[in-house]
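Read through the structures below before going on.
You will see subunit A twice below: alongside subunit B first, and alongside subunit C after that.
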Partner chain A sequence: MSVLHLPNAHYKSLVSAHEDVLLGDQISWLNGLRKKAADQFSEIGFPSFREEEWRYTNVTPIEKNKFTVPRESGSVDEAFINSVLLEGCYHLVFVDGHFQPTYSTPVNDLPSGILVSALSQAITENEALVKSLLDSVVETPALGFVSLNTALFSDGAIISIEENTAVEKPIQVAFISSKAGALTLSNTRNLIFAQAASTAHIIETYHGVEDECYLTNAITEVVVESNATLSHDRLQAESSKAYHIGGVYSRLDDKGVFKQSNYTFGASTSRCESHAILGEASDCTLNGLYVGEDRQHMDHHTRLNHAQPHATSHEYYKGILNDRSQGVFQGRIIVAQDAQKTDSKMNNRNLLLSDRAEVDTKPQLEIYADDVKCAHGVTVGQLDETAVFYLRSRGADEQMAKNMLTFAFANEMVERIEFKPLRLAVLDELLERFPQTGMKKEWL
Partner chain B sequence: MSASNENLKNMIGQDYKDGFVTDIESDSFPPGLNEDVIRALSAKKEEPEFLLEWRLEAYRHWLTMEHPEWSFVEFPDIDFQEISYYSAPKSMEDGPKSLDEVDPELISTYNKLGIPLEEQMRLAGVAVDAVFDSVSVATTFKDKLAEAGVIFCSFSEAVKEHPDLIKQYLGTVVSQYDNFYAALNAAVFSDGSFVYIPKGVRCPMELSTYFRINAANTGQFERTLIVADEGSHVSYLEGCTAPMRDENQLHAAVVELVVLKDAEIKYSTVQNWYPGDENGVGGIYNFVTKRADCREDNAKVSWTQVETGSAITWKYPSVVLTGDHSVGEFYSVALTNNYQQADTGTKMIHLGKNTKSTIISKGISAGKGQNTYRGLVKVGRQAENSRNYTQCDSLLLGDECGAHTFPYIETKHPSATIEHEASTSKISEDQLFYCMQRGISAEDAVSMIVNGFCKEVFKELPMEFAVEAQALLGISLEGSVG
Partner chain C sequence: MLKVENLHVSVEGKEILKGINLEIGAGEVHAIMGPNGSGKSTLSYILAGREGYNITEGRVLFFGKDLLEMSVEERAWAGVFLAFQYPVEVPGVSNIYLLKAALNGMRKFKGLDEVDAMEFISMVKGKMKDLEMDEKFLYRAVNEGFSGGEKKRNEILQMSVLEPSLCLLDETDSGLDIDALQIVAKGVNRLRSPERSFVLVTHYQRLLDYIKPDFVHVLAHGKVVKSGGPELALELEEHGYAWIDKKLAS
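So, the complex of A and B:
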């Protein structure tokens, strides 16, 4: 295939400039891995919109902005950090891709049977575990952004839950970009390992100081072993001028249960991959909500790879696009020849609120087995005029009526969030965009 | 379910029934493609200067293009220099004026296909412009059509007799630069059909063309242009069969439909070209560009297709809904068996206000067939209140085939309402059990279910075609379908 790749000389030079100061630069296997990724990145670079998978998302601004990797974290208001930490969680906090022990839950406060740590610490204490997980789930050949991440990642979380262990509290991993005033690039890598029959809930959140322009390139690799149950929420509330490229790559062993949800509100351009490889009789749920305004561009790509029989998957993404924002959804369900009795459903619903907003959606089925049930549905529409009329006849003004209905559209996804502090955080984002809905947080 | 397994085996073992070769001396160009070939072709067809220039422009542009790789089909590279770009039955040089003058061997070819022209002439309501290889050999019912003012003739005849119309409309829907195969077609198209329905005329009969590929190694590059002027209506039927061949044959046709104010075109296709043998050897490569332009208000286009043949089918009959209140419809049944590959679907481009489109696509995969639906629904900035409904269903028969769905939905207007649904399933044990406990045999039950699966599309076909389509499905799925 003839594909035009973007020039990436600047990013290639970044890789060579940081070779000797990166995490684990004394470890030969890691250096080897980084070298391989760097070579691959030089070869493939950033994807151009001529590539089928990127045809709706243009990453040229990332190339042009020439983001640089900060050697240490910038300063962030203590109050800002505290405001993004959810109650009732264990915390791991990173600023500009560097670990912040002061804000993170100390190891002594963690229950037994779990490892919640920064990669920078684990690489010395648990090198074998890091080695077994790192780069074990992402597809090869990887995307340019994944290669760049592998070549350059500065830190990230490693979370491992031992067999038969249930973690009571959710674990929040917060990534914050500082008010650096410079074009910074944070490359973070998270490794999550839910061992057999364990249960855990992990929340990744991404925040930035308003009006800052930076690039977050965050990859999470997840392994869910047999009979384990893992919930993973990802809240993206970056600065409205930032760029966010992220991905959650997961592998489910037999009877594993994985529930991954994305809530996307921030960044001027964002792209989030959620890919899962499903083992026998596993169960995977991918949910998402994206709410765009101004000129925001939000792209979600999901891929459910049914490799083994008897697995089920559910996918439900909802989008609200206002002003001149653009939403992109691509969902792909692949059912291998051996994956008989697969049951897979995908749904994508979009609400367009302005005549300059745009939605591009590509729900795809790729099926090689005959005894399967697969379905997908897509809708794009606007608010129901009669519903607006009904509310107005009850005394709501037009804006309020519309906000109420828009809120209700989004609320279907919010209601699915079981953990209350996260639900409130998502609600905050929603109510900020659609005020006067007559909705009070206290009611929830 | 052993009964259906046996049915599947029978089905897979089914031979292509229309495979035979007629020995007629052909006047062919040696294989190869360059500007001289195009000039010679144009000269042979006594074309005006503008058309030659148009062809050459297309050829020069084609040279700069790369072969597209994005589709979900696999085939060896095509050597375009090994194809002969012109082949005409020799006995055509004198130009038969009536059926009696037509080479009797041709007539018998059609007889073998079950479409005797004599009989068709007697059958009311169908005029046939039969294309044998690249040159029209028989045109019927011309007088009756002329009476209504309808022009229905071969493309080369139209170039000679109605050059103004050709100049006005040729390439306005599918330009000579459109895509790799459309550019190739523009450069070397040999013949095809031209239809013009004047203002306010409802075409008195259904128009039909049988395409046929005969001479070995001859790529067929048909070009069809249909213009429906204000307030007119036409139903056009296109059907294809081809003789059995070992070598792959390339077919890259272009169909352009121009629909003006309040006019309607209904375009139906039954395609049964040679699909290759059970090992995937041979078969036709069918890479077609079909597009309609609803250029003015209230225009309507309806594409209906039944695709059972070809080794590779690669076509997306599209509608550009430019005029306000215009309507586009697409109904399709695509069947792939053995090693057949189909990557087909439609594009509905909503540009005008209050435009509507409907897409119903049914894919059936059997054997080692790969069946892909690929469709685009695009709503432009000005397309207020546009409406689309899409339904793509796939049926899998056997565990070595594949069914894929790749819809693209791009919406730029909030008042648009778009619905897309797709499902993939096999014939369920429950459905079979229900039928069988009512005393219906397994085979009849499978037949009922498959027919029911396709019914929404078959009911859109004109009567004559509906019968043929059902027969084709029957041949392709014999053993499963009664």
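So, the complex of A and C:
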């Protein structure tokens, strides 16, 4: 049963206040889409914790905070922006939801066969492509946050890889929230299109100036065509006072390969959806690592929709919860009646480091086909006392021994990151969360 | 160096050690033998500081200091080392990381600077060569996927890097084939010195063919029931542990 929330007057007024200044406001089909989404948002509002899918995540503070949409980007230190850009990548940079050409790779420096652009530019130069991708994957009935995003998105990335093209370098799309001092809301929308037999690696990263309170509402739609291979990493390193609502919605055509990984470290409350619709004989991997401390709340919802036969999916999420932090994991696997020979594995492992930390984990299997393999496992545990004793008996003090084991638990996911600059960035985020220790990066 | 006096230990209300007395001088090698369940592994765990044991009576002095008052890591820093019967796998932490953290922890305790990275590597590699260990083990996760013999050699490597005063070897021979046993024993013998003492906890005499003890103690029913020289181990081997019980009865 879905109990709908009262529409929120503040956010409704945001929509009407911005409708004439948004990207593409002269384009009628886009206006139509935005209008429809705005109406939908008016009707459904934000999700309530009385809804099953939102039971553990309370978004009331978002409504109370009355975030507003900035018409232009605030200022951010150049050094801060440079510090979040990964080496060896093509870059697209957005601040407060607005494109920053100064920090982004110029079109002339991009190889042929790919389009890497801000939506604000593509809407004039590649309107047909934008139209074909926008709102094409995200599932209905849409969530209030999705409707709000569609109604209000200020910009975002569009990345299209032509058939049979392999992009050598990863493409990083960095979203930064400035030191605006105002409660800003960034709505960004990314469209990713890996055409048949193409190969690419895309990295989305989210950052904010520390101690700033803002809301990021970011949605990515992904299409992986036949025989294409796409890797998508998402690093969420927002300010610890921020709110982050994100979603990656993907569709895999036959024999498409998609690997989506989430690394969640920041925000006071965050929620990330990773939904995939799997075509015939496609292969989808959803991985994640979340590390919470203080009173952070981190919610991951994944949905693997096996719509066609012979597809495989692998899902592995690990979480570490310290202090009074709370983790939520919901892994839903749906195997349609026709999706015979589906092979799907899901695993969620959690480490609780404090008596007051909490995790709510829920695997959900809905299987309508009869010839399938589906395995799932969930664990919630503490550090192994024998291992702590072993390390201490070698002269590591208790805190260091615990940190080493905690690090080791997380590092299983970090080690899988093949692209070194990203691996080091994730490692930095991880080590930052072991402050009192001698965990030394140069020793690893 | 080590003095165990009337040590009584229980776990969950059940008494496991019932008044152990043991004195180990510098440079000595002691073997503690006994049947399964005699409490010999418990003794090595207690000396290393494992939690979960209730010490009801007695005391343990290490260089004149109360060992039982010290935390696990303080004992390590003071020079106690336990080579585990089942070395723990620590996925994600490389061998070299642990060795560095352990050695520098100890140096910090002694007021010394961190070890120089280059010197450290060449020192460790030299010791690995002695133990016939491939250098690639340095960069592998601690004990992860190691064979039984590799794990035991790794314990001896850690021991030789940390250079403890008191080495406790808990069933080091278990699960080793004869070749691995010889390599491990050679590693231990290389570490023997007038300042360093060893306690070999073992079920079988076999290990003592390779590491010659100065003293042998038989632990049974939570007590040291017999002490003697190396010949005691041979007698045990010949007659079995039942022989001890019979002698005690008569």
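Some points to look at:
The criterion applied here is as follows: the second predicted complex is superposed on the first by the 429 of 444 C-alpha atoms of A that agree within 3 Å, B and C clash if a C-alpha of one lies under 4 Å from a C-alpha of the other, contacts with A are read in each partner's own complex, and residues count from 1 in each chain.
Just so we're on the same page, contacts are C-beta pairs under 8 Å (C-beta built on N, C-alpha and C of every residue); 3 or more make two chains touch, one makes a residue touch a chain.
Model, not experiment: these values are computed from the prediction.
Shared-chain residue A:I27: touches no atom of subunit B or subunit C. Of the two partner chains placed around the shared chain by superposition, neither subunit B nor subunit C is touched by A:L424.
In the superposed model, A:L110 lies in contact with neither subunit B nor subunit C.
Between subunit B and subunit C, it is B that contacts the larger number of residues in subunit A. Applying the stated contact rule after C-alpha superposition, one finds that A:M404 touches subunit C and leaves subunit B untouched.
In the overlay built on the shared chain, the residue A:E415 is in contact with subunit C alone; subunit B does not reach it.
Of the two partner chains, subunit B is the only one that A:T361 touches; subunit C does not reach it. Listing the residues of subunit A that touch subunit B in their complex gives 1-2, 52, 56, 337, 340, 350, 352-382. The residues of subunit A lying in touch with subunit C in their complex are 384-387, 389-398, 400-401, 404-405, 407-412, 415, 438, 443-444. Here subunit B touches subunit A in the complex through residues 66, 69-70, 379, 381, 394, 396-426, going by the rule given at the top.
Partner subunit A is touched in their complex by these residues of subunit C: 48-51, 71-73, 75-77, 81-82, 84, 87-88, 90-94, 96-98, 100-106, 109, 141, 158, 162.
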